Amino acid sequence: MTADLSRAALETGEVLVVERLGGGLLELVARLPHLAANAMPGTFAQLRCGTSTTPLLRRPFSVAWTHDDTCGFVFEAVGAGTRLLAALQPGDPLDTLGPLGNGFSVVDSGSVVCVSGGLGCAPFPLLINALRRRGVEDILVLNGARTATRLYPAERFARPAVPVVAEATDDGTRGHHGPVTELLQQALSSRPTAIYACGPNAMLGAVMGTLLESGADLPPTLEASLEAPMGCGFGTCLGCALPVLGEDRVTVWKLCCTDGPVMPMRDVDWDGLRALPGADVA
Amino acid sequence: MTADLSRAALETGEVLVVERLGGGLLELVARLPHLAANAMPGTFAQLRCGTSTTPLLRRPFSVAWTHDDTCGFVFEAVGAGTRLLAALQPGDPLDTLGPLGNGFSVVDSGSVVCVSGGLGCAPFPLLINALRRRGVEDILVLNGARTATRLYPAERFARPAVPVVAEATDDGTRGHHGPVTELLQQALSSRPTAIYACGPNAMLGAVMGTLLESGADLPPTLEASLEAPMGCGFGTCLGCALPVLGEDRVTVWKLCCTDGPVMPMRDVDWDGLRALPGADVA
Amino acid sequence: MTENAPGSVDLGRGLTLPNPVGLASGTAGYGFELEQLIDINRLGALYTKGTTMDARAGNPPPRVAETGGGMLNSIGLQNPGVDSVATTYAPRWTGWSIPIIVNIAGGSVDEYVHCVSVLEPVSEVAGIELNISCPNIAQGLDFGRDPAEAARLVAAVRAVTQRCVIVKLSPNVTDIAAVARAVEDAGADAVSAVNTYIGRKIHRATGRSVLPLGTGGLSGPAIQPLALAAVAAVCAAVHIPVIGVGGIIDAASARDFLIVGACAVQVGTATFVNPETALQVLDGLRVDDY
Amino acid sequence: MTENAPGSVDLGRGLTLPNPVGLASGTAGYGFELEQLIDINRLGALYTKGTTMDARAGNPPPRVAETGGGMLNSIGLQNPGVDSVATTYAPRWTGWSIPIIVNIAGGSVDEYVHCVSVLEPVSEVAGIELNISCPNIAQGLDFGRDPAEAARLVAAVRAVTQRCVIVKLSPNVTDIAAVARAVEDAGADAVSAVNTYIGRKIHRATGRSVLPLGTGGLSGPAIQPLALAAVAAVCAAVHIPVIGVGGIIDAASARDFLIVGACAVQVGTATFVNPETALQVLDGLRVDDY
C-alpha cells in the first residue's frame, strides 16, 4: 500500500549528448551512476526541465537504457519541458529523481512480444536487455509510429544483437501501413507467453481490445506502462490516479507513479480510462 | 509630457560574445543594427532575459558602445535576469526594445569630467565617442569601484585613443584609496564645464553633495543617469518614478524611463531620493 | 483579414468594439506612448489609465516589483485629473479609430459621478470603465468588495451618462459573481474582470516590504488561472457582456477567456514585456477556436 | 546545529514543534513515502493529507495541471478515512520524532467532530489542523468563507479535544482577517494560511477545462506574494500563532512569512519538485534574519 521508494534518490548528473534521431525523436544520454545502477525495466525518472519555476514540475521519463554509469532517455520536444531538455548541451547538469515506480516483471522463458506506440519505445531497450540476460531470446518488437522518421531505429532496441523488429506506420511510409495493433493481431498466432506494451493510453486500450477480440487466451504475462500527469512521482500528491478494477471488479483509483506505471493489463479499467479526458497537454 | 519613442523598436539580434572582464564584469556584444544606428549616449535598451515568464520583465541596460551594426552592454550577474544574460552563447538570439529614454546632452567644447561608480561606467564609451566626434578632447574619466578587478578597464572607455582615466577603489587595491567623489573634489580645481555622472543613485547623490560642498559654481552642463525599477521602459506603467524638483522647487515625480534616465542634476530632489527605500533587489 | 478573424463586439448603448482585443487600464497610459510603438488603431479598445476628479501624484517609489511570473504594482493612480483628460488629451485622440474607454476611479460616489459627467460631452470618449477595484489607494477597494456599495455607485453613475458603462471587478472577494450580479442589476452595461490581486513582496536584503504601502496589486501570467476561474464565475452569473483580463500573454491564454464566456479581452502586463502582444493576440485568435 | 538555527515553536496546548518548518497537508501524504526519501524526523511537523470521516476515493483524473509557476490540483480529498488513520497509520508513526498533525476535512460540523473525537485517544497524533478551505469538494469552502460558520465549527471541535487545534484558512475571501479573528474567538489555538486559490485551466487542444470539476486549487511559487499578503493581514489581526504557507520554494521565500509575523511555515508544492526543499529551508533559516 505504501510505495517502495528505497532505491529512489535525487541525483544531478551530467549531460553527455542529446542526439537527434530524425523525425523529432531525441535521445538524451547522461552520466547518472545511481540511476544507472538502480533502474529496473519500466521504471522512470523525474527530470527537472530548466532551472526556472516555469515550468515548475518535473517530467516523468522512462529509463530507456543504462550502460555503465550512464542512462539514456528517448523523447520528443512536445511542450515546454521537453523543449528545454532538447536544448541541453554536453556538460550541462541534469537534475533527476529516480528510479521511481514499478517496472515490468521480467520473465525468464517463453516467447515475448513488445508492443510500442510512438514514444512507447522508451522502456524497451532496458527491458529487452534484461530479458536476454535471463536467457530469453524469442523476442519480437512491434513498433508503430505515425510516420517512418518517427520510428525509433530498430538497431537501438537492443545492442549488440538487434532483436526482430516489425514496424508499422499510420501513413505507410515504412513497414505495415496501419496501426501497430494489426501487427499484433498477426503475432498472436505464435501464442506469445508474455506481452509488454507501452504507448499513449489510448493505444494501450486498443492493444487490450485486439487481444480480447482475438479470442485467444491472454498470455500469462500481460503488462502495460501507462501515463498520467504527475505532480510528484512518488505517491504523495495523489495526482496521477488511473482507473483500475479492484477485488470485486469495481473501479478504484490507483496511482500511476507508485502502483504503476507498469500495471497488469487485466487489471486496468480500459473503458473507464477511455472515458476520461486525455492527459493534460499545454 | 509624452515621451519621444519614435526611434524605439523591437529588435531581435544575435549574440556575438559575452566577454568576462574579470571581477564579475561582463561585456555582451550583439548584432543589433537598429539599436546601433539609433542609440544616443545615455539611452538604454530593455533586454529580455531568457524566454520563460520567470523572470517576466525586461531589464534596462545602457548602450555602452556601438560599432557598425553591433552594440555592447556592460553588466554584472547580480540577479536572475543578469545571470541569464551572462549565460548567453554566441549565436543565441537577444530580444531588445530600444533605444529608450533621454540621453546626455553632448557638449561640443570645454573640459569634461565623467564620474562613474561601479557599473555606472556603462554609458561612457558611447558618450566619450560622441564628445570626441564633436571635437571635445579634454575628457577626464573618474572611475570608482569596490575593488580593482571590478574597475571597467581604462582602455575600453574609448578606442583607439584611451582617455585620461583616474581610478579609485574602496579597498585601495588600485588607484586612489577611497570613494570616487574624492577624485572629483580634486578635479574640480580645473573647473570642468561639463560633468556627467552615472552609478547607483546613492553615489550620484554623493557626487551632488561633493559639488555643493566644494562651493564652486556648478558647471553649466551637469547631468546624471539615474536608476529606478522599471515595469515597461516606455512611459506607460508609471512605475519608475523619481523625485524631481518642479517649477516652484516642489517635488514632483518624473519617470526614469522617459523623462530620464539622464536628468539635470540640479533638478533632482536628492534628499527625497535618499529618503526612499533602495531600488528593488530580489 | 482572414475570414476566421474575430469580428466586432457589441457592448451595448452604441459601443461596438471593432474586435475583442484591448489594452488594459494602467498598462497603456492614454495611448500616446504605444501609438508610437505599435499600430494601435488595429486594436479593439484602449482602456485608459485610471482617472480621478483631481490630478494625483501617485505613490512614492518603488512602485513596481517583480515576482515569479508576475509583478506587483503600487502606482497609486497617478493621473492628470479628468479635466486635463477632457481638454488636453481627448483632442489628441481625434482621428484615432481605436475606441477610447476612459477608466474612472475615485474615493466617493460624487467623485465618480463628477468624472463621468465631465466626460459626457467629450466625443472622443467611446465608453466608461468604472474601476471599483484598485488596491493601491485608500478606499480603493471599498466599492468593489461589497455588492451593495458597488450597486449604489453604478446606479449613481448610470443616472448621469448615456454611454456604455463597464464595471471593472475586483478579484479580492469571496464571491465575485455576487458583485457582478449587483452591478448588472444596477444598470451596468458590461463588466470587466479582473483587476489585480493583493500581494506583498519582502526585500530580501532589508527584510522590509518592497512597496511603500506594504502591499500592491499582482498581475501577469501568474494570475491567469485565477482570473480565468473568476471570469468563468462571472460569465455564469450575468447576462451582460463580460471582458476578460488577467495574465494574458498570447492568443492561447486570451482564447481561454473567450472559451469560458467572455466576449472580449484586455492585455495588461504583457504589453510591458512586448508592446506587440495585443496585436499578436488579435492576429492569433480564430473565431472557430472558441 | 548552529547557534543561529531556528528553535522550537510553541503552538499552545502542549504542542511544541521542534522547529518552524513543516510539510504542508496534501503534499506529504501520511509521511510514509517521504520518510524513505528524506530525513523526515529533522523537520518541525508533518501535516497529513486531509482526512475525513469515511474513506474517499477522490475525484476522477486528471487531478493535477501545471500553470505558470504553479499547479492546479483537484484531488478531492482521497483518503482512507479517519478510522484507518487511527488504527493502521498511527502505529507506524510510533518512534517518529516529527510531530504528526492530522489535517481534518468534512462536509458538516458533525463529521469534523467525529474525526477529532476518533483521534483524541491516539497518542501518535500531536495536533489537529482543521481544513475549512478545500476548494475541491462540494461544500469544501462553506466554513472557510463565512466567519460565523467557521466559528461555529471551531467551537464544536474545541468542545471535544484538549489537543492543539490549528485552523487552516481559505484565501478565497474578501477579508481573511475577519475569519481569523472569528476562529480565534471561538477557541482555535493557531491558524495556518493559506490553502489553495481557486483557479482554472483550459486544455489548449480540446478547449475544455482540464480538471473534471472545472476549477481546482492553485499552489506553488505563483501564489507566494498573495499568500504573503494574506498571512501579513492575519498576523495583524490575531494574537494566536500563525503558520505561513503558500509558494515557499527556499529559505528566502519562507523567511518572508516569518518576517511578516508567522511563527512557523509549511512547504507544499515545492516538495514535489524537490523532496528535500523543507530540509533546505530549515538549514537556510537563521533566527537573526527575521
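Things to note:
Residue numbering begins at 1 within each chain, and the chains themselves are lettered A, B, C and D in the order written.
Rule of thumb we're sticking to: contacts are C-beta pairs under 8 Å (C-beta built on N, C-alpha and C of every residue); 3 or more make two chains touch, one makes a residue touch a chain.
Remember, predicted model here, so these are calculated numbers, not experimental data.
With contact taken as defined at the outset, chain A and chain D are each touched by B, C. Relative to chain A, the chain whose mean Cα position lies farthest away is B.
Taking each chain's centre as the average of its CA atoms, chain B and chain D sit 48 Å apart.
Per-chain CA centroids place chain A at a distance of 54 Å from chain B.
Averaging C-alpha coordinates per chain places the centre of chain C 34 Å away from that of chain D.
Contact of a single residue of chain A with at least two other chains is seen at positions 53-54.
Chain D has residues 68-70, 201, 204, 221-222 in contact with two or more other chains. Taken pairwise by the contact criterion, the protein chains are fully connected, each one touching every other.
Across the complex, chain A meets chain D through its residues 2-6, 8-10, 48, 53-58, 97, 228-243, 252-253, 258, 276-282. Residues 68-69, 221 of chain D touch chain B in their complex.
Only residues 26-29, 32-34, 36-37, 49, 57-58, 60-66, 68-71, 73, 75, 78, 201, 203-206, 208, 210, 212, 220-222, 249, 269, 271-276 of chain C touch chain B when the two sit together in their complex. Only residues 50, 52-54 of chain A touch chain B when the two sit together in their complex. Contact residues on chain D toward chain C in their complex (touch as defined above): 67-70, 72, 145, 172-175, 197-202, 204, 207, 214-215, 218, 221-226, 228-230, 232, 247, 252, 255-256, 259-260, 289-290.
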